[in-house]
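Naming follows writing order (A, B, C and D), and every chain is counted from residue 1.
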Amino acid sequence: MVNRQPVIAVIGAGIAGLEAARQLAALGYKPVLIEKSGTTGGHVAQWNRLFPDMTPAADVIEPLRAQTAGIKTLLGTEISAINRLKDEYNIVLSDGSSLLCQAVLFATGFRLFDASKKEEYGYGIYDHVITNRDLERWFNTREDRRIQQPKAVGFVHCVGSRDLKAGNTQCSKVCCITAIKQAIEMKEEFPDAEVYCFYMDLRLFGKKYEDFYIKAQRDHGIHFIRGRVSEVGEAIDGRVVVKAEDTLSGRPVKVTLDLLVLMAGILCNPDALRYARDTGVAVDDDGFLKSRDNLAAITESSRPGIFFAGACTGAKTVPETLAEARSAALAIHQYFSNRA
Amino acid sequence: MIYQGKQKIWADYQKEIPDDHWFYVRSCIRQNFFPASEKYFLKICRDLLGRDIYESEHHTTCAGIAYHCDTIPQETAMTVVARQFALMTEAGYDNLVTSCITSFGNYTEILETWREFPELEAKIREHLWKACRREFNKPKYVAHASDLVYKLRGEIAERAKYHLVSRATGEPLRIVEHIGCHYSKMFPHKGVGGAEYPCVLSGMAESWGGQIIDYPERRHCCGFGFRQYFVQANRGYSVSNTHKKFESMEPFHPDAIITNCPGCPYFLDRWQYVIAEQTGKTYGRNGYGIPVLTYEELAGLVLGVDPWDLGLQVHQVAVEPLLDKIGIPYDPARKYLGMNEKEIMKPGLPSVLKCC
Amino acid sequence: MDFGFKLSPSSAVNLDTVDRRRYDRLVQLVPDACTCIGCGSCSATCTSASWTGMSVRKVLLGLQRGRDAEVDNMLSGCMLCGKCTMVCPRGINTRQLILTLCRLDKNGEVVR
Amino acid sequence: MRERFASGFDPFVIPFLIGMIFVLGYCLVAMIRVVCQLPKTDRKRFLLSLITPKYIWMNIRDIFLNCLIHVKLWKRNKVLGYMHSSIAFGWFMIIVLGHLEVMLFVPQRIHFFYYPIFFNYFVAETEQTLQGALLMFLMDFFLLLILSGIVLAIIKRFASRIVGMRRTTRLSALDQVGLYSLWAIFPLRLLAESFTAHISGGSFLTIPANWVFRQFLGNDLNALPTWWAYSIALCIFMCVLPFTRYMHIPAEMLLIPMRNAGIKIRHPRKGFALLEVYSCPACGVCIDACPMSVRKANLRDCTVYLNRQLRRGNERRIAEISDKCLLCGKCSAVCQVGVQGPELRVAQRERRKFALSPSYADFDVRPMAEAVAGSGGVLYFAGCMTQLTPSILRATASLLDKAGVPWKMMDPDGGLCCGRPLMMAGRSEQARELIAKNVEIIRSSGCDTLLLSCPICYRVFKEEYPLEGIRVVHHSAFFQELIAAGKLPVQREEGLRLVWHDPCELGRGCGIYEQPRAALAAAGELVEARKHHAESICCGGSLGSLSLSFEQRRPMTQNALENLTAADPGQIVTGCPLCLTTFVREADRPVRDIAEILDEHCR
């Protein structure tokens, strides 16, 4: 009989952490969820609806929360340091206490690119420039003075993704489909508005994403312009003037918009990088945590007892993250089974 | 516009500007276009604010124009620049301040190139030695003269005789800033406020009472573009770019444009006449144009220097409406009197643009 | 006064002012027209491309960017052979699209 | 026989007279109008044919066989054939026999044209003669024949499947009035004649009926009302006839001589087109035949509804129906009166106005002409569609080489379009420009044979190109000849089951059915599709349709494939690159061009 008493620290109570904790508990382990913020659910909990079926984010979050209700969860708790001991890890928490655990699961997720870093887009400077996250918040709360009955809305893909100058050369994977989802939602919200998507490439790899794209084109008349927005200015009425090249016609285009939504990309959570340093886990060339094997063992680190789930190893969709969380739980189970 | 957002960005792009002891290099073309600007820069810094600014009569062009026109290779430009550094070293200075934006860009670019490719620096030192037996230390700080005025803007404001506000209404003047392309577009961290929202000029204008307006084509080139202007057949392209800027700023009704580059004020000023002739359109009020000032001229006005001593009579666009608005007194009769009180001749009047 | 040079027109497309009436009407009549992904299959296979540079992709784009003269020039060389319909990965009925477009006047009205 | 009334008149004939005068007047005016609408040359040609003995004989024969006997319908569907000919021929015979009776018994009344219709009311039988009995018998016999037809018609209306039609036309309100009045006419005649049979005499149908009625009615009071009813039913039928599908009865009688005279549709709405529209009996045979009607889609877009909308002048629907059609020609092939659905539609398309019309004047084809100049022999024009199917190109080239035929390709780097797609879209003027350009190239080659692997091109080259002295041939026919002449040693592969798909443009369009079959038989065992030859089903890819979307076409392709694979062939063979590409997308087995099959089996 394997010893099923080891303590497993799950860092981050987003969907990856919650799902992994749920699976670990089901396998008979004692996971401890450590969450920096005051609530569980991570980024997904801040979202309104999810592509491609327009599923309310709550439909994903609520069952996970319900099923992890009995699991020890330290909310509002930051990690000051992680000390590597022999076979064990000692996690020093912000409240001064420490947690001795036999395995650590990084479910640290991602950090959204700070769109104000792309200075030319004027996020935080112009009155009607927002990010994908701001728009989701508006869908949830309907409160944002920057959104006022727009007649023309633009979406800029790849803000802080695939951009050497922004310090992230990776594709954030989910922004294309998120932009299309939000474009459709805005068009539904403001049917008279012209909606433009400025893209470099459309990367619609997932299940039914392409259908979503066709729907956006045909049913909603969303204009797709292949070209990266070069600069944004503010007109005298406070509207934003967007300049880009329409690379398909080889000409510069200019359009005045009432709202510009920047699709901020996905970066590795900087906290994760700090924990990685503490625990001796390597960081991959793409700026995310390095798995033991990017094909066969994406949830395992090269350190015994350290596991990964979700966006800490790269941008992921919700189903990918959930699948990885389950996979990580099994990998941990395997780890303790072998040790026993 | 969210002002706090800009301040946040400005905080990221503050460069260190030493307070005193500068080796000053003049611009090739400004001395012809706006002759009093450099004079009053030195006058204000030295006489009014008591700073040590040194200039040498041996310094030459930085070769920036030739370099940007692709008529000389970069190594030649580097050697010319190395010679200026040698003059600075010989004079015992560490801080270089340039009058010209293209020079500033050129110096910065060369120093950055040397930082990346030290072997190139060694080679240039060798070239310089072979050419004129000189040696040099690289400057500790390179600043543009506008950086220095930006740094001293508070001291100027303290001594200000006039403020950039409408005398009639007390409203701040609406000022358009135009930053030379070579100031920070190549190396954002070398400019005060970065490349997207530089605050070197807006900082001055605001501390002297004006209000900066942010129009969509704010970042656009003035249209000079070296080759675009120097080849006559290409000048249509040059003036079209300027035209684009004026069309974009027109709805904001600016009272003045403030610039920090040798070419920009010249083209923004003179092209207003050409545009008016070609399209019949003027951008100021009542058929006037929008006055274009250098930062030194603006500083001089604020400090109460006589407009004609500042050389404002050589501007194509009449400055009188601006002077009236601020309430700066001037004697129209003296407008075309030279330094020695002799007539310098009155220019012919254009057919469209109103010039008093 | 002749300066020896003139203001040159901007090559930029201003989407605020571009006249999209023909495109909008086309989309009403042939909704699939908006599903073009600009792959260029139609251009590559076009029989008349060697004479007029005809390309359904460019026609659709030109309509949205106010390049009416180019669009008309391309359309006037179309022989309706249907190859573009055969190769379109989005299944756009390009012949219907072209015929419909040829029936629209500058204001996007169907000529009677 | 003696007359019962000295006046020879009763008010009940008035409704009939009204109806009769109205319908005759209407038809006369309409006929004159149609003839006047013909272009001058056509009109002259038609009028001349009416006095040419050869045409007179043809017209009488065709009208008798088609309008009365409905031979074409018999060939297609025995029950429907019987139904139609029993009513048409029976009615015709009743009218003829009625006139015969009048002529024989009351010749002085032959100028009262209601007399033959209501003969039995106006006469009393004085003595029984063999002659009279025979006529009475024939009258009853044909009435019975008609009644049997009417019974079938009623069954067809309420359960069309029993008579072998999957779908039947949805009738308009007036059509229903006409239909029910038509149904009523003959039972009412039977009743009327039965009530008076003890006076006027009768035969096996009317005498027993008379006896039965007398048993429980015992008086003649019902006679007059039923004759009234009979007359009113006739009146109603004749008055609505011009506005119902029954207009086809008089219209077809004009259509047949016009068609025999070689008149074609020259105007979308006038003259011959108008006549075709009125000749449509709305039988609905075209609904089942239409390839678009698969899975109950587009049911209202076949020719019968085009004709109806043309009569109503519903422009929106006319445009919609005209644009949707694949122009496969199947409705024409099955139509009993020969309404030319595709031609009617193309005429509507031609009527359309355009803001922009293409012009190919600037297309410089001199380099193309120079490239083939003086090549002689066979000139092979692949055409746009074959350019998309290089396998056909290669196989054709290989076969030509194997047969040692000197040949040259007309469009190795792509050429001009043949013009047929433009014609189908109703832009024949523009097509003429392309034709002139292509002729320039072809003439410069000095070829004697123009070979085509695409039936779309083939048809237009054959029908519209001025290529006197040059043989225009489809590759399937050409290769069949080479095989027959022993120049292509095609070897038969045992166990290879092939089905030939007749492309619309090649089969129904150009009448080429047997040559490809003969050629294929040399390579393998030929099986037939469920529907083949003139009834083959369009692949759904046709350029004829302007508006059908890809998704709408897909079920048509699947249906055509289902038809082709009824005998479970190993491979489907066709001779059209467009059919090929269309089928390949949906087929569960290999689809090949005939050239590919022949090339594979040729040493």
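As a working rule, contacts are C-beta pairs under 8 Å (C-beta built on N, C-alpha and C of every residue); 3 or more make two chains touch, one makes a residue touch a chain.
Quantities reported herein were computed from a predicted structural model and do not represent experimental measurements.
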Chain pair with the greatest number of C-beta contact pairs: C-D
Far-end chain from chain C, centres as C-alpha averages: B
Gap in Å, rounded to a whole number, between the CA centres of chain D and chain A: 66
CA centroid of chain A to CA centroid of chain C, Å: 39
Approximate Å spacing (C-alpha centroids) for the pair chain B, chain D: 86
Where chain B and chain C are represented by their mean Cα positions, the distance between them in whole Å: 47
Where chain C touches two or more other chains, by residue: 32
Shared interface positions of chain A, touching two or more other chains: none
Full enumeration of touching chain pairs: A-B, A-C, B-C, C-D
Contact set on chain B toward chain C in their complex: 232-237, 239-240, 243-244, 274-275, 277-279, 351
For the chain C and chain A complex, residues of the former touching the latter: 11-16, 27, 31-32, 34-38, 57-58, 61-62, 64-65, 67, 90
List of chain C residues in touch with chain D within their complex: 32, 45, 47-48, 50-51, 72, 75-83, 86-87, 91, 93, 95-96, 99, 101-106, 111-112
Chain A partner contacts - residues on chain B that touch it in the complex: 1-2, 5-6, 8-9, 194-197, 214-219, 248, 251-252
Interface residues, chain A side, partner chain C - complex: 196, 202, 214, 217-218, 221, 223, 226, 243, 246, 248-249, 251-256
